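In the two assemblies presented below, chain A is common to both, partnered first by chain B and then by chain C.
Moving on to the complex of A and B:
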């Protein structure tokens, strides 16, 4: 059976006034050039805006590159997102896939073959055509080990790289050895690179270094709504509208609306808030709850928006690595507590998650008992229990596990293990993340109630990661992960026992416990199950196992907090990155607001 | 001349020492540039291993140091992992912005400190001296960070000044005069923060140096000869008190690249500060080493300049240097 998705499509055919077109080519600036008359454009729903204006956005750090192959930092990804396009895209608002450069996608009945047909008349931002050869070149580059592209791992399905072949200039077939559960979602983020600009660099082995910020604007192109205009080191990056963009609004006006998109580099969160407050920037995102509240109290020319729970999940985890062979007796006894499921369940039972949401996120967050936040609407397992905080239950669990209590000289209660050893350990947190440091302090207070002595140790972030993933010299740690997509595959390496991000005991040769083996099995199964309902059942079971065995004690998820000037139209923040610029081609400046504010 | 030659040799050894120590400490710090990628579930262990090899992170330290020295000999300063490009251009552009800020601040601070210090010394014990002492003491106890934040709050509340950055978004569209005005408005607060934090030390040193000369026998003799007060102060007393001031001036020049790092961070000034802080946190090794080396070169040059000026101004040093 062939599955075919009918994508909304608007074919634009002009009257063919060739002479006029030729004349206007020489008379009008390139930004106003009419689009080729055979171009198949995508019409997108939304408020009808009008062309012109400039949007100023602040980035917490300077982007490091314009090259999608080597971009790993959030600012670079945000900028690249506005300059590049992929074959199929995940709509950040609906969290579902939608057509992009490909107008259709057929999946073969065995789920092994994806046939993608490109829109007609596609052009890169430098006016050069985009066709199947560019797609082939892009995939070749992504899969080339010597390029070190971060996308390469996503294109290995069933242990084998995806193969791509060209049928004709607008049709390509992607072939896999095993079905891929996430299906079309894998195409999101695989931006199509301009072969005419990059092939030579690639053949010379310098592609990884290409696309530095000082690249001349005429030597860099993409198929996204904006293209490079100007870069000033340490200050700003200016993008201008791509006159060859392939989307229109429902009235047929070409997108994007804005003439310019300016990224200012503002090195701290507080400075970003000040710049937004003083009107120097137009939108703001990645806000902490305190700054959001402060801005919300004074909103007049701007409106603050809580987009709801994001995909970030914060958690406490214990060191479950097998340290017995080389560890000191003290470490061995701690490891024994941490490996005891009832100990972890007791810790989970005594943590006041509501207090974390109330005190740290000022109510703009959600308490968590599993890794999937309510922001991930399709995958959250609503059946997972959300037991209220219960120190009594925690004590009962500890008692069952052989722990006991005694009162010290000062009248304080101390928890002892079955060998009479006092339960005392430290929790590492990142010193650069004030929220998590506060979280650890609240947990410290909660655990005190059970007689546990806990020290909170804030560490510089990279030192912390080094301790957790390399030296493994730690007791417990509070960390957070943000899924990049609303799909279980985005966290595959977290849940697979062989994964490097399986934080409590990473990169296991064989699953250390039966429940980890079951999770491995379930995750492998969902990986190649094409039907959503079946995948959902499998992933629900993973969530249930995690909630029962508590290798990570899930704490809370912050809301995505954003703001925009009232003059910005089509502002609909999403809980997936990039939170406010995901529909940047549709954002526009309301003219009456602009004149009023002037 | 041997005095200057000795100073020059010391400077070269200092630079070599600083580069080795920076290399050593940067490498000894736990974690490396790729660590953050370890928390990215999208990136496999195999990809991380190949990146480690690409960046030479699994090579021994002496090998990496030798490679870096070779790069320095070729006019580069190594390779930035984060920017995927050479370090030197990254540092040059930002150093220029930093120098614009610090040079302006330094000149302004000296231009204010000299008359204030002399006036305070001349009227020591009287109201102006006490007022200046009180003001400088107050400024001295206020940390630079608080000063910068206070000025920033003033800018945000009043709207008189921009709240950060070096120029406005529409800078390119302004007239020449408009551009100058825009730049001056953006520089006003960071320069004010730097001047206010440097002023107390300068004023106090100048006051002390001049006050000492005002009690000297030659000054009393000159006063008795009826030489006008202003001429006495600026021509004779100031010249006699020049030595400590020259040393202080050399130090001011030496710290031009490093004095403003904190203010740059707070005021979003696109200088070396934000780049270096980010590089330190990201373990972008060669950017950190390059930044430290840049600052050390300035410090060495500043001190060298101070020595040169002292050599020129004070014959005792020339004699003593020759005698050694």
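Moving on to the complex of A and C:
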């Protein structure tokens, strides 16, 4: 489970491409030139498939809502991704932006004004036209505080909301007060809402609650490849092909290919594996390495794909909250060890990261010494050292910090701090995540070598998060975070000392240490630095500080492991969410299977 | 009365417990020691034949990962490692106090995994043996505590009767009505987050005893109720015997067979309860093994389909359960015989059949 889901308010600021004059991106393919029927369709490269068939996917839980304004959970986002469209989209395969509902985007020379031109002839899935008024309505809704849209934070640049102006029925201008480092990546995820369906609800003040799963199919629409067909509580959600979709393949066939997209609600990872293995579902993602190999061993009618390093980073962190005021002496002495940089560096030096990759990810992962995974190709700081495991260096560091050793009655070594107290603490892990619990068991054994007595405490995920962010009653914790975009801004909330996901000491009023202050500074600077090279330099420095002070001891990053039936065409899993459904409009069922299923 | 049968089952159980009790000696390795080069290693073969001729000393081949895989191993036939009996190895304390380094078998240069290894390269055989110590001890102590509490409460309720009886028996009914698994959840949730394995173990035992006493207490009360009306008890009272004397000399001895039968039924039940707790992560914490947390890994699909030797701890339980069931049956027959011999009238016989294991879960 990824922490992101537990933090509804995590800022969804995506961004990061340098502001190459973004028009240069949008080399307009020939098929985008006005077609006789006055529809400007987007032709996308890929295998030519054919229409028909259905795709069955399992979701870990029932989506909470179909409403992009209030969706925070992964299942909802996955479903909404197939039903809605945005003006500019991040291609999950290339990690670069692409034109979507907007066919072009021009940025003014001062970087403050974005002029977007919509495609001609766009329609929502109910056949109603989509034009500049819908964009204005959408922005108004997103920015309205009373709606509590999850996207609102991302539309506040330099402290002021972005303003939108309509030029004509297909042209809108976005105006901001400060240039924005993330550039047009911010448009990704800003799905355009149908004004004709939602305006009344909005004026009545009920928009936030709209879009429950039981909404009648004719009262809900989007500009995505699929539209709502039917919902069976606790069982499944069925989407059907949107006949008004605006993409075609290179031969001009309209997309999407599939007639139906079915989401089954399957609560546990192991149950999902069983469903996939028995052929009930067609694709699977979010697999653990052991399940992946178990499936790969028996593959006949399906193929398992390792999409490569993802953006999830797993780490161990210590409780660095300032608890002095209310804490018991036992807690303060622990807190003293954890605040000692050399202690944290020693822990980092003794952890066998290769064993984690080998034993937990079965080699399908990468050891980490910094927060940016190799999956985030453009932002990873290659200069961060990758020192091999060294218990000797760890002991030297502890010695420098005033720790000493003694041998107990059974011949085991014990580590003592400068006051003669035995170093003993516990590590929390999420009980539902077998990988992380195993990681903690490996760390426990590694730390035993230094004479530290460690206990692993698996806790239910919600109470774990509660302990880490609310009560702050814990010593250390193994957790993972997944950036949702390959850009530093997606982790803003983690690195800023005021951030709610600044896990080791969340939501600080003032940065507690000089290095945290420096990170704050760097992160804020990169926010409105337009040039990639400059932003990269700033973010590299952030990574170096983190690697030196080790507020999080980075461990490893798993590959994105997926599988699909051999009959599914155009299956190209990406390392960004949604891993397998990002090109759902292009997925198709190969011909013999279509005729067989009929 | 068939004391021979009781004795036979008892000896069988004694042997089984001695095997687990001697885990330190019988297990070749420390159960928490990780061998990161050999995770999920299948059970290794011990050879007697090598290079065409018979070896006097059994030996095994060291195993290494097949290239490009992470859980497939191959024998390195260049490296034959002789098995040594009564070898010295890691230090342990036999039965918890006798320090020793002597193991039944071992080898130099490589580890022998007779029953394979787990995901962290820990020896499955050693973990099963040590895990058995924890689970059985939890069962025995839990059952002992339960029987003690049940004997006290049952005797007080049966002997004194009146409001004490009403109060205690309504309490017992309350405990019987509680779904015990959820009660265990609740009890464990109140306990501190981080407990050392020893404390966790004691807590499990206390929790087990706390929920298990109600049924045996009711049975004891039944026996006490009937015994206290018997002529010899009345006679003793007539001669001026006090309550304490009566209970000690005449009443408690009569409950013996019920208590023994109950104990034989409760031990495996409590072993199972410990396993359930550990299986769902509320019992003995890792890395200390117990039968429950050894089986917990089977909750994962990949382990279920890929590593069959992870099921073995489930088999280890079978002989113990058969043994205790056999003992309970033998004791039960014994108990009923005693009752029928010593009593007149049908009611007592009814009490006897009510103790049958089938009706006490």
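Convention: the second predicted complex is superposed on the first by the 556 of 598 C-alpha atoms of A that agree within 3 Å, B and C clash if a C-alpha of one lies under 4 Å from a C-alpha of the other, contacts with A are read in each partner's own complex, and residues count from 1 in each chain.
Methods note: a contact is a pair of C-beta atoms (placed from the backbone, for glycine too) under 8 Å apart; a residue touches a chain by one contact, two chains touch by 3 or more.
Since this is a predicted model, take the numbers as computed values, not measurements.
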item: Overlay on chain A: chain C relative to chain B, clash or fit; value: fit
item: Which of chain B and chain C A:363 touches, first, second, both or neither; value: second
item: Which superposed partner A:568 touches (first chain B, second chain C, both, neither); value: neither
item: Partner chain(s) touched by A:274 [first = chain B, second = chain C, both, neither]; value: both
item: First (chain B), second (chain C), both or neither touched by A:439; value: neither
item: Which of chain B and chain C A:291 touches, first, second, both or neither; value: second
item: Which of chain B and chain C A:542 touches, first, second, both or neither; value: neither
item: First, second, both or neither for A:352, with chain B first and chain C second; value: second
item: More chain A residues in contact [chain B versus chain C]; value: B
item: Contacts of A:481 with chain B and chain C, given as first, second, both or neither; value: first
item: Touching partner for A:423 - first (chain B), second (chain C), both, neither; value: neither
item: Minimum distance between Cα atoms of chain B and chain C in the superposition (Å); value: 8
item: Set of chain A residues, in rising order, touched by both chain B and chain C; value: 274
item: Complex contacts: residues of chain C adjacent to chain A; value: 32, 34, 36, 39, 70-71, 91, 119-121, 193-194, 196, 281, 285-287, 299-303, 305-306
item: Complex contact set, residues of chain B against chain A; value: 29-32, 35-45, 47-48, 50-51, 54, 82-85, 89-90, 93-94, 97, 152, 155-156, 159, 162-169, 172, 265-268, 270-271, 274-275, 277-278, 281-283
item: Complex contact set, residues of chain A against chain B; value: 54, 56, 61-62, 64-65, 67, 70, 72-73, 145, 148, 150, 152-154, 208-209, 212-214, 230, 232-236, 262, 264-268, 271, 274-275, 277-278, 280, 432, 460-467, 469, 471, 479, 481, 484, 490-494, 499-501, 507
item: Chain A residues touching chain C - in the complex, by the definition given at the top; value: 269-270, 273-274, 288, 290-291, 293-294, 297-298, 352, 355, 358-359, 362-363, 410-411, 426, 431, 434, 437-438, 441-442, 444-445, 455-459, 473
